[in-house]
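Next come two complexes built around chain A: one with chain B, the other with chain C.
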Partner chain A sequence: MNPSLKLFLILFISLEITFTSKLWANIIIILVALALLAVHHFSWRQFCWLIAIPFLPAMALFITISFFSPDRDWFYGWVLVSRIYGYVSLGTLFTATTSQLALARSLEQNCHLPSKYAYGVLAAFNLVPRIRQSINTIYMAARMRGVTLHWWSPTLYFKAILAAIQWSDQLAQAMESHGFVEGQVRSFATVITISKKDWLLLGGIILAVQFLVIALP
Partner chain B sequence: MAKHQLHLRDIILLALIGIVFGVVYFAAGFVYNGLTVLLSPIGYGPMANDITIGIWCMAGPLAGFLFRLPGSAFLGEFLGATVEMFLGDQWGAATLISGFVQGIGTELGFTVTFYKIYNWLTIVMTTVMTTLVTFAWDWFKNGYSHFSGQMIIILLIVRFISVFIFSGILVKLIANLLQRAHVIKG
Partner chain C sequence: MKEFSFNHLSFSFTTGEPVLTDLTASFAPRAVHLLTGPSGSGKSTILKLIAGLLPKYGGQITAGNLTVPEGSRSGMLFQDPVMQFALDTPRHELEFTLENCQVPRGQMKGQIATALSFARVTPLADRKITTLSGGQQQRVALAAVVAMKPTILLLDEPFANVDSANRQLILNQLAQLNRKNKTTIIITDHECFGYQELHPQVWQLRDHHLHALTPKEGNELLRHADQQEAAPIRVTMPSKDEQAIVDFTDLTIRQGDSVLLTPTNLHLVKNKTTLLTGANGVGKSTLLKALARLLPYDGQINFQGTDIQKISPGKYFRDVGLIFQHANDQFLNVTVGEELALSRQHGHNPFFTRARLQQALSDLQLNGREDQVVYSLSGGQKKKLQLLLMLMMGQQLLLLDEPFTGLDSQSLATILQLIRESRQVLPLTIVVVSHQLSGIEDFVDYHLVMQNQQLSYQRN
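For the complex of A and B:
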């Protein structure tokens, strides 16, 4: 499916399950998302992570709503648990089946996002491992001088931001020296289109979700 | 910085700031889980969310202070969330929506000062706006409407304090350092 439409669909369903409280609709959405993930060769370990990570916050909400809220509403407790798992499985389905490059290209070509945003963010994304490394270096350098930095130390952020400023300068220069011009008409190496099938799929899924939400408790 | 528009370099920098905060958040993740475990048995599990919310909202106000342009606070927060979503943050699409909501909240704080004032007043305004907007979102998303009135008020106050400490005081301290280094013009 076209990445932009897929993103829209995921956000649409996420918003819809936020403003409705339907347990069965949520459960079916989760099961469909998990089934699609299984088709995309999602490993067992990844499934375990998917279940483990939201477990604590989901349980906290459930306990609070079911035992401590004035209504002691068990049904609503389960709705909230299923909602959290709904967000997570939908989000994972999106990130597992879409590459950042495809999304950036699609947003630029299909949604007319200015190319400086599409490629600027993509360029920054590729620096993630270097940022991790650099933050570690800042921690280590401080420790060598007998200073322990914590995640709440302003100095840590200050130094990391200085590094980020330098990188953004260099990256922007590198992109411009390779011929990137803001706001210029661009030709595309890979053309991404929205086919009729994509639109039909989008409409079909949205209709199906409406049906689930209205028909089931 | 006498500019009226964000350029390629600025957009890369905004996304990088989002990543920097995102990387550090991972270290703070255990705080959230620990608090959740501690608070759940007494019925205040969701309070972990309110205690830590200020940590997740730091990129926005910092970007606002750094660029001093309309939209920069929103983009700082939202681009950070976008990157986090792909970093394997398991919250998935909800991260994107939360980033959007937090970005709007922070941006409103700068809007009410007309992007002219950058001092403690701005910090207070962004704190108030971020608290209210994110609380309204959690009202629907995490079912806050089902809690008792007393608990809602406590959660709101805790959230305000959290945003003020992390997205307020800590961001201002970082901005002060950047100002002393002449990265931000005073």
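For the complex of A and C:
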């Protein structure tokens, strides 16, 4: 599916489950998302993380609503839990099935987002592995100078922020030196289209979700 | 086509002294220009001014002006290879570049293939850029710049991390580019060997001024550099009875799914200098990082008879230091003065008394810069400061990863002299990775070569 439409769809469904409290609709959405993830070769370990990470906040919400709210509403507690898992599984489904480059290209071509934002964000994403490397390097550099840094040491963050500021400047220069000019027309190496099938899929899924929300408790 | 010309131009960064004063020069189009000069003299600044990156990204022109001919398109290659990419793989970066230049989609594939093979990086096209070595990244950056078909190509120390075989290849390619496409090429380089083929106009940047050498003077300089480069390094094999400081037992290093080093048994000799060379991407930096415990490896590395994994980090890094390829990685503070203070506080090299430190600073032309922000130093100045800071720490073993990048021969000689003097007071073992061999012939005792996933001592 076209990345921009997919993003819109995910946001639409998330918004919809925010403003409705239908337990079964949420559960079916979660199950469908998980099934699609399984089709995309999501590993068991990744599934475990998916369940483990939102577990604490979800439980906290559940206990608060079910035991300590004025009407001790168990049903509403479960709705909130399913909502959190709904957001997480939809978000995971999106990131697992969409490449960042394809999304950036689609946002630029289909949604006419200024290329400055599309590629700026992409460039920042590509910095993530470098950030990890450089944090490791900062620890070592400090050790070699007789300083032991901890994760709470201000120097670590100072260095990291300094590096980030420098990178942003260098990145801008690098993009410019590779011919990037803000607002200038660009050609496209890969043309990303929105096909009839994409629109039909979008419409179909939105209709199905409406059916779930209206028909089920 | 008109010329690029500087008319009495003065330029300074907002803080500090002027970088260029009253510079007048004009660069003939369709020619190759070679800019040489000591580190910190402003070579990069000139290129960035031509590329239009300065004063846009800092500093200001305080007098005079710069004329750029209409319709010229510049492509620039930066000194630091890491920070030139917005995307994840070389192919995507090249696509991004060509999209910016509004190249029609039908022509992109062909142009990308041509540019990749120009810089000899076709096999790397779909690798993640973060997994490439410094030299490989530099070649990918070159491919991107060449793909833009610029009318003027600006190369800032393009070979600092490139091995000599690839350097020669790229120089030949540049000569062709200049002949065929009539591209104006301006290169800054502190080393002048290998340029004779290109017949460049040689410029020397001294005391904030650019001096054009006559063709005869230029040729003389290039020939001299070629002769120096050809001089072999005199090394011997380490003998069995010399004391080892580091032992490798079945050391194996992998990067992703490729093997960089097959099981190796070897030792490094104590209180000597061992040079480590090999082609780009062969794994030299990775080996140093394994030694510094920054990367995982298989097999065992012993430091003075103890497995380095069993030594606590605090103790290990009191004895072993790494000089990073990127000088910025070494710094922990903001100003030169603060960095020096930190090394004075924790360092235990008895050589550096207050007087000797002052002397070293003025020899390295770093004196009077105590309040300057380290990140605003020039490439060469950073390298000098970095070496000094680590020497002050007084470790027994220093691992140097391309420590001489961007250093002119004068600065290099000064730094080597400083290491020699310090060594007389406190013994020091050095392992140095360097593509630059001229100037360090007398400094090296042993020579390790890394090739075909193997590591062996060399003799001549």
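Here are a few things to note about the model shown:
By definition in this document, the second predicted complex is superposed on the first by the 190 of 217 C-alpha atoms of A that agree within 3 Å, B and C clash if a C-alpha of one lies under 4 Å from a C-alpha of the other, contacts with A are read in each partner's own complex, and residues count from 1 in each chain.
Basically, a residue touches a chain if its C-beta (ideal position, glycine included) is under 8 Å from a C-beta of that chain, and two chains touch if they have at least 3 such contacts.
These numbers come from a predicted model, not from an experiment.
In the superposition on chain A, contact of A:W167 is made with both chain B and chain C.
By the touch criterion defined above, A:M144 lies against chain C but remains apart from chain B after alignment on the C-alpha atoms of chain A.
Of the two partner chains, chain C is the only one that A:L101 touches; chain B does not reach it.
In the superposition on chain A, A:S177 makes contact with chain C only, not with chain B. In the superposition on chain A, no contact is made by A:Q210 with either chain B or chain C. By the touch criterion defined above, A:I135 reaches chain B but does not reach chain C. In the superposition on chain A, A:V185 contacts chain C only, with no contact to chain B.
Contacts of A:S195 after superposition: neither chain B nor chain C is touched. Set against each other, chain B and chain C touch different numbers of residues in chain A, with B touching more.
Residues 119, 123, 155, 162, 167, 169, 171-172, 175-176, 180 of chain A touch chain B in one complex and chain C in the other. Against chain B, in their complex, chain A makes its touches with residues 10-11, 14-15, 18-19, 49-50, 53-54, 56-57, 59-61, 63-65, 67-71, 73, 76, 79-80, 83, 87-92, 94-95, 100, 116-117, 119-121, 123-125, 127-128, 131-132, 135, 151-152, 154-158, 160-162, 164-165, 167-169, 171-172, 175-176, 180, 182.
Contacts from chain B toward chain A in the complex involve residues 7-13, 15-17, 19-21, 23-24, 27-28, 32-33, 36-37, 39-41, 43-46, 48-49, 62, 66, 79, 82-83, 85-88, 90-97, 140-143, 146-148, 151, 166, 170, 173-174, 176-178, 181, 183. By the touch rule above, chain A contacts chain C in their complex via residues 101, 119, 122-123, 126, 129-130, 133-134, 136-138, 140-148, 155, 159, 162-163, 166-167, 169-181, 184-191.
Against chain A, the residues of chain C that register as touching in their complex are 51, 53, 57, 75-76, 78, 80, 82-88, 92-93, 95-105, 108, 128-130, 144-145, 148, 292-294, 313-314, 317-318, 320-322, 324, 328-332, 342-343, 345-347, 375, 389-390, 393, 395.
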